[in-house]
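Each of the two complexes below includes subunit A, the first together with subunit B, the second together with subunit C.
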Partner chain A sequence: MAKLLDKQRYKCALAAMQTVQAIDRALPILHSGPGCAQKLSDTNGSSGYFSPNIFPCTSINEKDVVFGGVKKLNSTIENALKVVDADLYVVLTGCIPEIVGDDSGEVVSRFEDAEKPVIYAPTAGFKGNNYKGHEQVVDAIIEQYLKKSDKKQKGLVNIWADVPYQDLFWLGNLRALENLVSELGLTPNTIFGYNRGIENIKKIPEAEFNLLVSPWVGLGNVKKMERKFGTPYLHYPTLPVGATETSKFLREVGKFAGVAEEKVEAVIKEHEDYYYYLIGRYADLFLENRVINKQFTVVADAQYSLGITKFLVNDLGLIPAKQFVVDDTPKNYRDQIAEEFKKLNYGIEAEVSFETDGYKIHEEIKSHDYHGYPLVLGGYYEKEVTEDLKGNFLNISWPVQDKIVFDRSYVGYEGGIRLIEDIYTIAVSRFN
Partner chain B sequence: MAYYIAIGSSDGKRTDLKFGEVSEFSIYLVEGRDYEFYEKRPVGDVFEKKEEKKDTCDTKCSSGCSGGGHGCGGSEEVSAKVDAIADCRCVVCKKVGFQAQKQFEKKAISVFDIECDIDEAIDKISAYYDKIDNKRSLKA
Partner chain C sequence: MANVTYSGVRESKPGRINDLGSTGKEVSENFKKGCLKRADRSFAQGLQCQQINSMAALMSLEDSVFISHSPQGCVGCSIMAVDMYRVGQIHRGVRNVKNPRLIVTNIDQKSVVFGGEKKLRDSVQKAVERYSPKLIFVYASCASGIIGDDIDAICADLQSEYPDQIIVPIHCEGFKSKVCASGFDAAFISINKYILKKQKVPKEEGLINLFAPTTVSYADQKEMERMISLLGAKVNYIPFYSSLEKIKKIPAAQASTSICKVFADEFMKTLEEDYDIPYSHTVMPIGIRNTDKWYRGIAKVIGKEKEVEEIIAREHERIEPLVKKIRDRLQGKRVFICGGTGRSFAAAALIDDFGMELVGLETPTYDDDAQVDIEYLNNIHKDFVVDIANMQPFEQVNLVNRLKPDAFIGVPEWAAKLGVPTTHVLDGKRPTMGYDGLLFLGNKIADQLENPGFNKKLAAHVKLPYKDSWYEENPFKYITEGGN
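Take a look at the complex of A and B:
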């Protein structure tokens, strides 16, 4: 039965144009109605090279529904190749052409011999949200652009994390993961953000292994690469925020990659020493119960909900109230993710709800007894309800309305410190 | 429910005329998936009137934007031609200018600017409307 969904936290699969946008000098070509790109583009930065306002689009209308839009798609690709200087062209299809049955794949295959690569990802909104759309784009790159390589580069690791732009901190997070992996003596390879792009995409099949840091997004991609290129993968479900999880992360990656234990431990020690020095300096603040209450709720996609819950419990000693995962996680991953929420220090377990309806989430937050001011980390939708409860609110997940993020990150030791700063800045400012 | 389709054709076989070139529209009557030729509807006299008027009017008369002082009303020439087929559900021509498209849009008349056989055009359009009218999916 049809139902209303209040305050949803994701967009349609066509918003995977942001995944393309995150690849340096890659251009989405949209086979969709006019206005789709406008509605799907966020204000949190363009690619720096292409603006969503210039993405070539077939702007299909009623005529194309009746007579088919393949001719228009053909000419749009043809002309985009002529006038837009990009390294990779990714055709994305919206709902209409897929409903009426345009064979976009066939049109794209006509450009196999074009000077620049043109690939195609089916991203109709009815097929899923932009988390799935992101996977479709990466799949398209694997299936249509990359070929198996006999050459393997020792120590080369492809790093995959969550969805660019949907995740406000995507750029900083990826860079932080790269740095951590580099410190183990490995060579990280990512395809998103500044100075990566097509050259890094080409290196994907040469990697020794794929490192996926996400509860579920991208799992299909790394499995596909395992089948096609024979690249093994390490799935690390928790975004490493703060010392506890980051040290665990480094140990696990080190073990998988065969890095000497002493080397891993040396890296960890150096970081942990500084981390706990910083924490120690502010111990009084953390123990001052008046500033921040013990109970918290995270309302975010699976990666932040899980990553931050682990951080706040394991590193800061807070107690989880109910946590919410709002990215419409596919049902087959849910049990596994819920299990992760139970793996917290001190025998603590967090209850998690996979809920996409903002109204229901807010009702649950309102009815829960936080034994004081609640701490809520979530999307901007949670600001009002938290304020009504006189709680502390930090906007960490989409939609983000109250901050600009260039390349900050919550990942790693430093990321944990940044998150503590952000939380306590809000908490202490109310007592000024 | 039966409806009319206006087609711009020079030979009664193909939709080969641009909207501006049409002096008489071929009107087809469609009922469900069945259709038949209904009438020829001349719009030629609209042109003649305009020709006379033009002499006494400054150039703004035919400008779509100013619309002779009627804002987005479009030029009278286009408006009159649009009015002549205002009882039709859609119009099919090889090309339809932006100004005319806007006029049709205001009257909720769909515009299909495509060159093909009339039979093919009506067949596809009637299939489309048939699905919409019977609340069936457009899925191919």
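Take a look at the complex of A and C:
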């Protein structure tokens, strides 16, 4: 695990409460210290049906530290079932119960016959970050709630992408991926966001295959589903942003699912025609290029760092300076991800650094020659360093402070256009 | 009671309780009889922990590094502090806006087994190398407390290694207190112990320590400074947007006062004991009555009783016609209030300026301070519900649904979903306090009542997440005896 964190880029495993929150009518129950829900909450679209202050919590005190908190956990679950109207109750454990040794799993097993399902994911903060916590929650659903199904639904595809709320664009991105998959004549199934929820969770074992769109997050989950349900998976590591990557994505998914090539190409053509119509209208802005320079840096988790680098190089013709992946990617995935950064057009390769220490990242940005004002896409912490360098800054990764995102997305053809809009809106509103 | 060193845990004070459902009359009588007992809940929703308050209290200090000796989630919400700090700098005209420097030691599985000392040492070393700050604050966490890291001893050792820095450990382990304001006390205890060290300094005539938490806006700071300067005194505004130099000046002051009732109240007692600085501890200056009371309090300590009466008379003459205009819009409206200890009672006093009627009050703790306020409120209002709760929205919506107030003041999210017009009273970016803040706040409440459309629409389309049966239950059903 990463060493000290200076300008932290993620939260702890217990922040998987946000993964639960993203499932319609699923309620996290926290067995943790008193402030955990508040500390792990964001103010970005988080006040829906369940919000962090609503989450039941045992708020462990000194007495519980000494004598154990299982009694309190029991009463909290029991009463949450009575008071709060949910379809799925997910107990998450924080640091304290796991250090003092509460058998939370045993307590949860007492609710096997409850009216609504109660499951449990160990998410102690000292064991991992919220990317890992997210996987723990999905694992808990697979292991404790779902059963193998003999029935398979033709064309049904489970789609998995990155971590809700940690990824500001999670809702829009998932919807955009669904739309792309639908256009190939397949039936997408996702479990996060409006109107998905428990009914979609139940369909997971019936899918023909799992589609994982992420460099590494969720790979353990789809492998687990392959073992338990016999569902094959397609791991597509690059978040498809803009025309080049989205067309590649459609071809690969189409091939995996056995969709007729003509059909795939027809979908691509229709989108690319419109995409380049839009690009063409603004080509003068990009070509005269008085407002942004050629070199850029992305400071984000693996999915955005990789997805946006590919987009800016392959679609917009920019040159990558060093890219930073800040999600504490497990070591065994790093080589493979670094390879992806080398697969850019015209033999261009992007250097990538897996770095969680924000200070070092800022020092590297400061010492790099961007041949002019840099373009930095990153977390809110990069605003300060980019301003010092008089560069253009776009806040695309956690932490996010200067934008509101309802259901916008950077995925697909339209997502690429949105990202260009965002970058150039910032550039043209400045006087450099 | 013997003279025991105060631990910083607010519940440790005799007579202070946390969880209770009652009414204004009942709670006041039971308090007098000494019948209030500490309780707990068998079902509860998340709180705010004291570590957040310890961090927030100091986050805007110049030349500081903040080290959270914790796993990676404990500064998960730091972006809110970053935002507050940046906005505060912009309001104060700072050109090169900075982020606070925050380091997390990242206690992991290994540290849980072998201790986190090495990680803490490494973080302090990096803090010095990278930022060469004047101050390094080390915050304890639940995990560091339970695994038994002795942050005092480690920091003392590091202090000898880094003589150019002042290293300040703060004991704000979340599980120790349910009252997040304990975190303020923990921060001040450490400031006294590691920075001021009971050393007397020459007094500065007319200097007043004005303690203010992060949630006080720059507009409010200026209003407080204006009021105090009218008394011919000068303000040392701390610790928000201040510096080591200003902190070191604390013992030089002639008197102390605070903007918030639960901020530096214990510290001001200590300052009197250790440095002979008298203080005024009254109320939060929100609304005419409270502003007067707060103003008279500090004036008395510095011997300006006569002058303050003249100023108050002048201010009243200026402000009262304007308040009347607001009163015409708000007279007779029934209000439910929810807020922290300082703001909830201040808001309750404020509504009297506007002729509104209190029907319910939710506040985190009850103690002799609260008793004074409740007795005052009992004289003005008919009996009203009192919920001693730190948040607990499930109790609140049950109560608001029963009481059907015309207006709700405080944390707005849940009452809004019941269609009640809401006004937030905790505004760290805009005015709330003093004579001018009152007008801003009053107009905000009245505007909200005139157009409740957003909340009405929200209520019509968005459901709160409780079962229908919950609204039929006793709202205090889950309060149990025998708290921690």
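Just so it is clear, the second predicted complex is superposed on the first by the 424 of 432 C-alpha atoms of A that agree within 3 Å, B and C clash if a C-alpha of one lies under 4 Å from a C-alpha of the other, contacts with A are read in each partner's own complex, and residues count from 1 in each chain.
Going forward, a contact is a pair of C-beta atoms (placed from the backbone, for glycine too) under 8 Å apart; a residue touches a chain by one contact, two chains touch by 3 or more.
All values derive from a computational prediction rather than experimental measurement.
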Fit or clash between subunit C and subunit B when superposed on subunit A: clash
Comparing the two partners subunit B and subunit C, which touches a greater set of residues in subunit A: C
Contacts of A:V100 with subunit B and subunit C, given as first, second, both or neither: both
Touching partner for A:K63 - first (subunit B), second (subunit C), both, neither: both
Which superposed partner A:F126 touches (first subunit B, second subunit C, both, neither): second
Partner chain(s) touched by A:K39 [first = subunit B, second = subunit C, both, neither]: second
Partner chain(s) touched by A:V91 [first = subunit B, second = subunit C, both, neither]: neither
Touching partner for A:I396 - first (subunit B), second (subunit C), both, neither: neither
Subunit B clash site on subunit C (candidates 364-372, 400-408 or 472-480): 364-372
Intersection of the subunit A residues that touch subunit B with those that touch subunit C: 62-63, 65, 99-100
Interfacial residue positions of subunit C with respect to subunit A in the complex: 42-52, 70-80, 82-83, 96-99, 101-109, 111-112, 119, 122-123, 126, 130, 142-143, 146-147, 174-176, 178, 180, 391, 393-394, 413, 462-463, 465-467, 469-470, 478, 484
Partner subunit A, residues of subunit B touching it in the complex: 110-114, 116, 124-125, 128, 137-140
Contacting residues of subunit A [partner subunit B, same complex]: 62-63, 65-67, 99-101
Touching residues on subunit A, where the partner in the complex is subunit C: 1-8, 10-15, 27, 30, 33-43, 47, 49-65, 72, 75-76, 79-80, 82-86, 94-96, 99-100, 124-127, 129-130, 359, 380-381, 384, 387-388, 399-401
